[in-house]
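Okay, so chain A shows up in both of these, paired with chain B first and chain C after.
== the complex of A and B ==
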């Protein structure tokens, strides 16, 4: 057997991951960046180096509107999933004293994930529709006289569906971080005179921050990259940045879509970098 | 800390149930102000539950508790005049040592400069002044314990509760730290309640040893009294260092049919300190001594300063004698050698079973 230097062995050991990242991440990104500078017409696209795609994109009022809406969705979904995720994790960790029950209830949180995303999404439609369960129930109960229109095919239903589909991505990392908190530490804080809220603010929150950060990255990247949920749940009345891209791809305007993608990646990278300034994700994964 | 000797604890008929488990059974105990009290017993004897009830981390199922005459029952931990040092130290991992110590001040809303100054004083007091900016993860076990001590004492408690404070330390450090805890207690003049399962730790530190077993107090008293006059078989066995001599048919039983007249009283057992149980080779001994008990040496174990000599005596559990190592070398005692026991009848201490 040929002998390798320690350096050579290190290279060999990292080679599979390097190959995977090169083939499935770096190469496609490079192609997208390259194509984003190409020219196109109705007939096809032509290798070139022009800034026109970026100019079109960045000067279009549609782009601003799409980014505003996408960021609004991301922020709303982030806020709501954070509140739900933190509350559920807190309940599971500190209110359920039995380990068996805690794990059982945690598994219950994952039950919705036993069906596909599409089914879970579509399932909302008969529930929220004009003649859906909620409207009928409210009208039968005499709460409203006319069906509520904002329930379905609206930004409300889009955010609701995002929250439903993605909350678990917030619960898991926060629950993971919280369950590592030694209960003695909570008691020590109480012993030192901390009230319930002070314990939450000074002990639990800082010790859960890394989990919150990881969950936030999941939520932001998932929402920022979605075009399908927003299309179905808004009845094609609303759109995000990715919807814009999907539309351009549908029109065979690949270079425009590529420029759009590059800008979106840049925006997401900036947001994730901001999150990473507050948290140490590596610590969450290794501790 | 201003007034000398505060922190009198009265525990009145306290019970604690965990579901069906009766962990503490009608315990009553008065710990004098400014004393160092050790709760001693094996794991599961209820000593930690009792401590946690004083701290307010558990609620008593029945009974009452007073500190300096005021009932603390129902008060949350933060409102009690107690501070607790946890077995795991429970330092806040995300805070520096300085912020760990300053934590309770921060909770009270004391401004940063003032609380850091006070925390620095506390760190100096536990000789950790140079470690203020370290995180707990960067400290050794003994250093963490000092930080935990400083964090507990900054609240100026009337009572400091220590839950097995030395169990995570190695033997040498343990002896050093128990000494420091004792000195700290004497300097502050507050009450320390220290839970331990190590008898040497209890008698070395405390003014008062409370031996617990199965949820009840077996014996409470000054360490010399508890060690010298164990009131029960349980305490004698737990304190160690005692031979146990049973009484049957009104006679002390020494095995091999050898008996002796017991001292007055109707105790079922007597204890005799192992180091007061003297032996001499049968050949060299005179017959004048009473009682005259003979045995043979079953095992000899070197323990450093002394030899632990185990005597086979048949039926009851073996007797143990401790012989100063220099005496042992000149005595000619060997395994299998017949010996005669020597002890003072006054050293026999009556016990309940």
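== the complex of A and C ==
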């Protein structure tokens, strides 16, 4: 080993990571960009350099409708998970005094992250269906006479499932940021006469902004990249950009799906860079 | 700081959130023990292991047993590679080196890139090169783009808290580089490495978006379950849910217990 310079050793140590990311991340994305310019017919796809796939995509009314729905889902889920994530983190950080309890309750929030998303998704079906637990409960209680239909296989159940599966991605970064706040600062502010709301607005919120930013990036990319939750939980009645892509791939229209993918990434990049204007994510990830 | 009323309100909110998080899981856990005449919703028609036996007897369409075995094998493969590659890369990042920044950003992109696109791109490559997709080649690689960034970030967090002076102390006392690594550095990092392993296995075991188009003819368990949501209309579907959740919970528990025991052991040595 003595013959290697320190930088050479670092290169060797990171080489496996570099190779895997090149082969399984960079190359696939590059091929998507390449194929998005190819021509295709029923028989297959052909190397070419045409803008037709983009023209078709950007002039189609379906595209606009899919993006509107995707962005609506992303915004709704972002707002709800932000409210839940902030409140839960605030409770854990500032209301629970014992460190052991705080970590235990935090763990309670994170355990589902390591269990299956599909199972957690289908777990809502016996709850929300026409004969599901909620309808049976409401009818038994005399609140409603007929079962509510909007609960399952609707946009409601899609958003509910997203919130259920993804809130954790908001809680972890916000909790992480809050737990680094020095309690002395808050006490000093209170001694100087700040109200609870002023402490929240002028101290806690600015100091958790980086965590909120990172969580927001996760939520936006997860919702915008989902292709199966929206299909299953809307009963195939609703679609997003990614599920539209999945449909095109199923129909072997690879170049069209590739153009769709490139535009989707471009939109995600724009949203993420807007978020990055407000926060320093590198700081959150490496400190 | 103590505001009892706010604390109670927030506590109630937290309780509701936990109920929201675990309630549905608990319901399908309960419904998987549905009696033989029961259906996919309440009421429970008695309690039985009937729907587990149906699975065992392979009375359901789909390859549950085979996909379960493949998912476990793939999870273990991904776990081993994730630990090896992230630990090595974590050490590499301890010094500044040309390209470090770019590599870090690429890893972050890998973390937030919609997984479905990775699957699609990789599927295109396989098609263009005329290679068949397999769960232990293409799906393995695709899943690594999800587990490695997590592994790397955990290693950053672990190494940031690691006190390098203990390594210097070991070398001052005459330990060779490999002795320092084996007897000082790795044991101290072990709890973090178990964390990386937990992420590696469980994230692979449940992965869908990256796996979907590159898994080949033999499905992994989550892929099989996703396909079954349309066809399997008996509580056997919930029985699969109960089993696979128990596997995940066992992994989490095993990892937690190991981490706590390791931390206790290092503390004892210090004292």
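Just so we're on the same page, the second predicted complex is superposed on the first by the 266 of 287 C-alpha atoms of A that agree within 3 Å, B and C clash if a C-alpha of one lies under 4 Å from a C-alpha of the other, contacts with A are read in each partner's own complex, and residues count from 1 in each chain.
The criterion applied here is as follows: contacts are C-beta pairs under 8 Å (C-beta built on N, C-alpha and C of every residue); 3 or more make two chains touch, one makes a residue touch a chain.
Predicted model only: the values in this text are computed from it and were never measured.
Engineer: Using the superposition on chain A, tell me whether chain B and chain C clash or fit.
Structural biologist: fit
Engineer: Taking the superposition as given, does A:275 touch the first partner, chain B, the second, chain C, both, or neither?
Structural biologist: The answer is neither, since A:275 touches no partner chain.
Engineer: I'd like to know which partner A:190 touches here: chain B for first, chain C for second, both or neither.
Structural biologist: In the superposition, A:190 touches chain B and chain C alike.
Engineer: Now for A:225: first (chain B), second (chain C), both, or neither, which partner does it touch?
Structural biologist: In the superposition, A:225 contacts chain C only.
Engineer: Under the superposition described above, what is the C-alpha centre angle at chain A formed with chain B and chain C, rounded in steps of 10 degrees?
Structural biologist: Value: 80 degrees, nearest 10.
Engineer: So in the superposed three-chain picture, is A:24 touching just chain B, just chain C, both, or none of them (first/second/both/neither)?
Structural biologist: It touches chain C, and chain B stays clear.
Engineer: Using the superposition on chain A described above, determine whether A:200 touches chain B (first), chain C (second), both, or neither.
Structural biologist: Neither partner.
Engineer: Quick one: classify A:182 as touching chain B (first), chain C (second), both or neither.
Structural biologist: first
Engineer: Identify the partner contact of A:71: answer first if only chain B is touched, second if only chain C is, both if each is, neither if none is.
Structural biologist: Touch status of A:71: no partner.
Engineer: With both structures placed on chain A, which of the two partners, chain B or chain C, ends up touching more residues of chain A?
Structural biologist: Greater contact footprint in residues on chain A: C.
Engineer: Once the shared chain is lined up, is A:91 touching chain B (first), chain C (second), both, or neither of them?
Structural biologist: Second partner only.
Engineer: On the A-aligned overlay, A:126 touches which partner chain: chain B = first, chain C = second, or both, or neither?
Structural biologist: Second partner only.
Engineer: With the two structures placed on a shared chain A, what shortest C-alpha distance in Å links chain B and chain C?
Structural biologist: The answer is 7 Å, the least C-alpha separation in the overlay.
Engineer: Looking at chain A, which of its residues have contacts with both chain B and chain C?
Structural biologist: 187, 190
Engineer: What residues on chain C touch chain A, complex-wise?
Structural biologist: So the residues of chain C touching chain A come out as 1, 3, 6-7, 10-11, 13-14, 17-18, 20-25, 27-28, 31, 40-42, 84-86, 88-89, 91-95, 97-100, 103-104, 106-110, 112-118, 120-125, 127-128, 141-142, 144-145, 148, 152-153, 156, 160, 177, 198-199, 202-203, 205-206, 208-209, 212-213, 222, 225-226, 229, 237-238, 240-241, 244-245, 248-249, 251-252, 256.
Engineer: Under the definition above, what is the set of chain B residues touching chain A in their complex?
Structural biologist: 55-57, 76-78, 82-84, 86-88, 90-94, 103-104, 106-108, 151-152, 155
Engineer: Can you check the complex and tell me which residues of chain A touch chain B?
Structural biologist: Residues 182, 184-185, 187-195, 198, 202-203, 206-207 of chain A touch chain B in their complex.
Engineer: Which stretch or stretches of chain A touch chain C in the complex?
Structural biologist: Answer in residue numbers: 1, 6-7, 9-14, 16-18, 20-21, 23-32, 35, 84, 87-88, 90-92, 94-95, 105, 107-109, 111-112, 114-120, 122-127, 129, 131-133, 136, 164, 167, 183, 186-187, 190, 196, 217-218, 221-222, 224-228, 232, 242, 245-246, 249, 254, 257-258, 261, 264-265, 268, 272, 281-282, 285-287.
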